[in-house]
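Per-chain numbering from 1; labels A, B and C assigned in written order.
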Amino acid sequence: MPYTLKTLADKLELAYSGNADAPLDHICAIESLDDGGVAFINNPAELSNLPTPTGVFDSRQKNISQISTEAGGAIIVPEATSHPTLNLILSDDPLQHHIKATSLLYHPPERSGSIHPDASVGKNVIIGKNVTIDARAVIYDNVTIGDQTVIRAGAVIMPGTTIGSDTLIYPNVTIRENCQVGNQVIIHAGAVVGADGFGFYQREGVNLKIPQTGIVIIKDNVEIGAGSTIDRARFHQTVIGNGCKLDNLIHVAHNVQIGDHALIAAQSGIAGSTSTGSHLMMGGQSGIRDNLKIGNNVTLFARTLITSRTSDGETVAGMPSRPIKVWRKAQALINSLDRLVERVKRLEKRE
Amino acid sequence: MPYTLKTLADKLELAYSGNADAPLDHICAIESLDDGGVAFINNPAELSNLPTPTGVFDSRQKNISQISTEAGGAIIVPEATSHPTLNLILSDDPLQHHIKATSLLYHPPERSGSIHPDASVGKNVIIGKNVTIDARAVIYDNVTIGDQTVIRAGAVIMPGTTIGSDTLIYPNVTIRENCQVGNQVIIHAGAVVGADGFGFYQREGVNLKIPQTGIVIIKDNVEIGAGSTIDRARFHQTVIGNGCKLDNLIHVAHNVQIGDHALIAAQSGIAGSTSTGSHLMMGGQSGIRDNLKIGNNVTLFARTLITSRTSDGETVAGMPSRPIKVWRKAQALINSLDRLVERVKRLEKRE
Amino acid sequence: MPYTLKTLADKLELAYSGNADAPLDHICAIESLDDGGVAFINNPAELSNLPTPTGVFDSRQKNISQISTEAGGAIIVPEATSHPTLNLILSDDPLQHHIKATSLLYHPPERSGSIHPDASVGKNVIIGKNVTIDARAVIYDNVTIGDQTVIRAGAVIMPGTTIGSDTLIYPNVTIRENCQVGNQVIIHAGAVVGADGFGFYQREGVNLKIPQTGIVIIKDNVEIGAGSTIDRARFHQTVIGNGCKLDNLIHVAHNVQIGDHALIAAQSGIAGSTSTGSHLMMGGQSGIRDNLKIGNNVTLFARTLITSRTSDGETVAGMPSRPIKVWRKAQALINSLDRLVERVKRLEKRE
């Protein structure tokens, strides 16, 4: 069902200006606005300061000056914005309204709402309403899957695991036995939930395995990136709190407890038994040592390694981690070390 | 088959004190000891210095002071320990006896000992006794699998590969052609063994592929973490020595040779053609450059990058790596650089 | 079809010296040259300066002095080389001719050129000539696959994706919807192409998802390592340029554009919306921050993190990245900091 400027604005319950009948059929970025596209800006100044088109986008792309209200797509803009030639939709939160427009104009892959005949489903599996299980997915015995949940091809859910409702498990994900995955969770392709924690003890120079008998609990609204690994606890639980978002290739060790609403960028890791408060933010390729307590609202600069207890609200950088200001000052001092050496040399010469 | 304090202690061939008839049906950590649980401590002092329960465990958890011998689980303790109200099992090695108790009380997912009808098995495949091959596993032609080995759902074993006995291959693992995996090996979900090494040469600014014709040999008692990648050799073999334990998301490049009994924490990597002695220990997110010889008993602090030959017994840190003491001193000097600058300023002022 | 020194040299259109009838049936490294083996050297000096055999190779290995022209394999050597007892093939480019010999003597796993009955293929799938699709691979609807392309077991191709000709997709790879993969591309086991980019916005302390509606374009002759993840764009495209070679466990974020002919070593990452020129070289465990423009021919030392715009031809190291000379000098100054402190102490004492 295609939209026009008027019907889309109406659906979003927003005012608009321009050609009410302009057809709108896809979303796009402002720097590549084209016929039928719906873009957005957060700041009116972005309209006059658009990046030069780079040619990497498709051939329908036009310079913004070429776009008229006749057929030129539309821009969701802050309410104060006006423009003589562009179709505008006026919003108090353009980003959020653009995301609503996306849900109307963008169509992700279909969910069949049924179990593909090539799926393999074990015994005593409880499956909710409208569940999609694609070809070659494997559901072992005693698994529970909530309503509207989607299990894509090649995903494997081992015995005794429970998955909530409206959850999306991408291809080739593995979820090991007895884990608990919440509602509205997204687990991206190739991720592994519930592998054994890294636990060994030595006797006479030989590493012997410590059984990892706990589970992983992934709470609601969590997103786990492609190829990330969340290990099961030695005892009890590894916990990923509500609303946590983990990027790709992240490692979460056994018995870690991540508080709600963390944002963890790619290739970061948290070592065993560390617990964090809420709203942790980890830059890319960062890490936290084992057995630490980390406060609320702690932020790690990219490539930081936290090696000691860190309090509420701290922003840290470096390895070992220091408050960001201390780290920045140390970097500046290192960069001017050659001059310090010169100054000492001069002092040594005078007498 | 449930145990009591007496029957468990008898099975472990250990003495006990407390209520001989206390039922025991699961293992747990000391800080969450509950009815029926079996915990352990390595040091008698841990009994009087227990962490405060955090509430993250299940509702059966009690404060240790509430636990009586009547029904309060049991603790495997060092032989000298005594306690007025707790059920104790007296051991010369509590950790090891707790692990034995685990094998009695904890039940990992079933091994069917048979080939699932939804598995895909090629030609000339030699399969030992009591082998488990789960749904959607794919065994290509000319593969050999030893007795009691388990291949979980979605694992793929390519042609000509040999897997030993009592080995456990988790879901969605890939093992490429002609590799050799030993006995009692565990390979966790999503790991990749035998992908092409990263070998290219340039002609006129274009990268051309160098075929990677060797294999990977994984010796006995090795454990490979989830999502880890062990590349095949350019020629001959990449070797993971006996008893090596690799955590998640580890990269081992082509022609690497890791000596026996290494412990390598998550997200670490070893570059091409490097060989190591035995008992290598790598902290998380650490690395070793290519073409190096590393001695026995070398230890890397987390986030270390070894860039030069390292001798037996060295413990190193930093990038580039230095002996740990040198690195610690350099960190302290960097942290006091601002004071050094002040001292030079004062010297410049006096005359 | 086995070769002799004469027939192999003829096939390579090269001259030879030694026993024309020596049988040749496999390739090998010079340090493990054995009967029937074909090795190479780039420099005549390598013949007199061979590494001592290490015993890690198979028992057919001989010391080079034991090898005679009678049955001792052959070495592809630079044209000026001569040797009294070895079989030689004379080449103006020994590496390249050895690779040609590899294509004659080394046999990778068979390509059936057909669709395995255990594969799962959706509707409206367009499949070229001689395409191989192995057991348990899943091709969703509306996928296009070019001639001679190979899809190995357990690989999953989601709807609307196009894959070119002569491309090789290894087991358990996932390629998400609507992506475009070129010709002669190799994607190693467990890699994920087109997972959602890491995009969220906060409202009242809660992370909300920004839909990732773009795609990934992988151009021709690209190789993607095992377990690597290439995220789809928020809008439009993430692009991996022609001839780029990515090692294992690499992360490429949404909207990144990598120029042609990059070489990126294992466990490196590039953050969102960064674009690079051609011939980028990234050492292992390195990274580039988001939203940067990186020039042509930029080289990152291992473990470097680029945090600012970097111009054509720069070689950088450290975190934050600096020109390699600056970084090396800073490292040297840090290593001699204790002596600087001593010098300042002496200055303070004299008066």
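Just so we're on the same page, contacts are C-beta pairs under 8 Å (C-beta built on N, C-alpha and C of every residue); 3 or more make two chains touch, one makes a residue touch a chain.
Please read these numbers as outputs of a predicted model, since none were measured by experiment.
Both chain A and chain B derive from one sequence, and where they touch, under half of the residue numbers involved are common to the two copies.
Put simply, chain A has to spin 120° for its C-alpha atoms to lie on chain C, with the angle rounded to a multiple of 5.
Separation between the centroids of chain A and chain B, computed from CA atoms only, is 27 Å. Multi-chain contact residues of chain B, defined as those touching 2 or more other chains: 136, 154, 172, 190, 227, 249, 267, 285, 334, 337, 340, 344, 347.
By the touch criterion stated above, chain A contacts chain C in their complex at residues 27-29, 32, 56-58, 95-96, 99, 102-103, 106, 108-110, 116, 118, 134-136, 152-154, 170-172, 186, 188-190, 223, 225-227, 243-245, 247-249, 261, 263, 265-267, 279, 284-285, 302-303, 331, 334-335, 337-338, 340-341, 344, 347-348, 351.
Note for the complex: chain B touches chain C at residues 120, 136, 138, 140, 154, 156, 158-160, 172-174, 176-177, 190-192, 195-196, 198, 200-201, 203, 205-211, 213, 227-229, 231, 234-237, 239, 249, 251, 253, 257, 267, 269, 271, 285, 287, 289, 305, 307, 319-320, 322, 326, 329-330, 333-334, 337, 340, 343-344, 347, 350.
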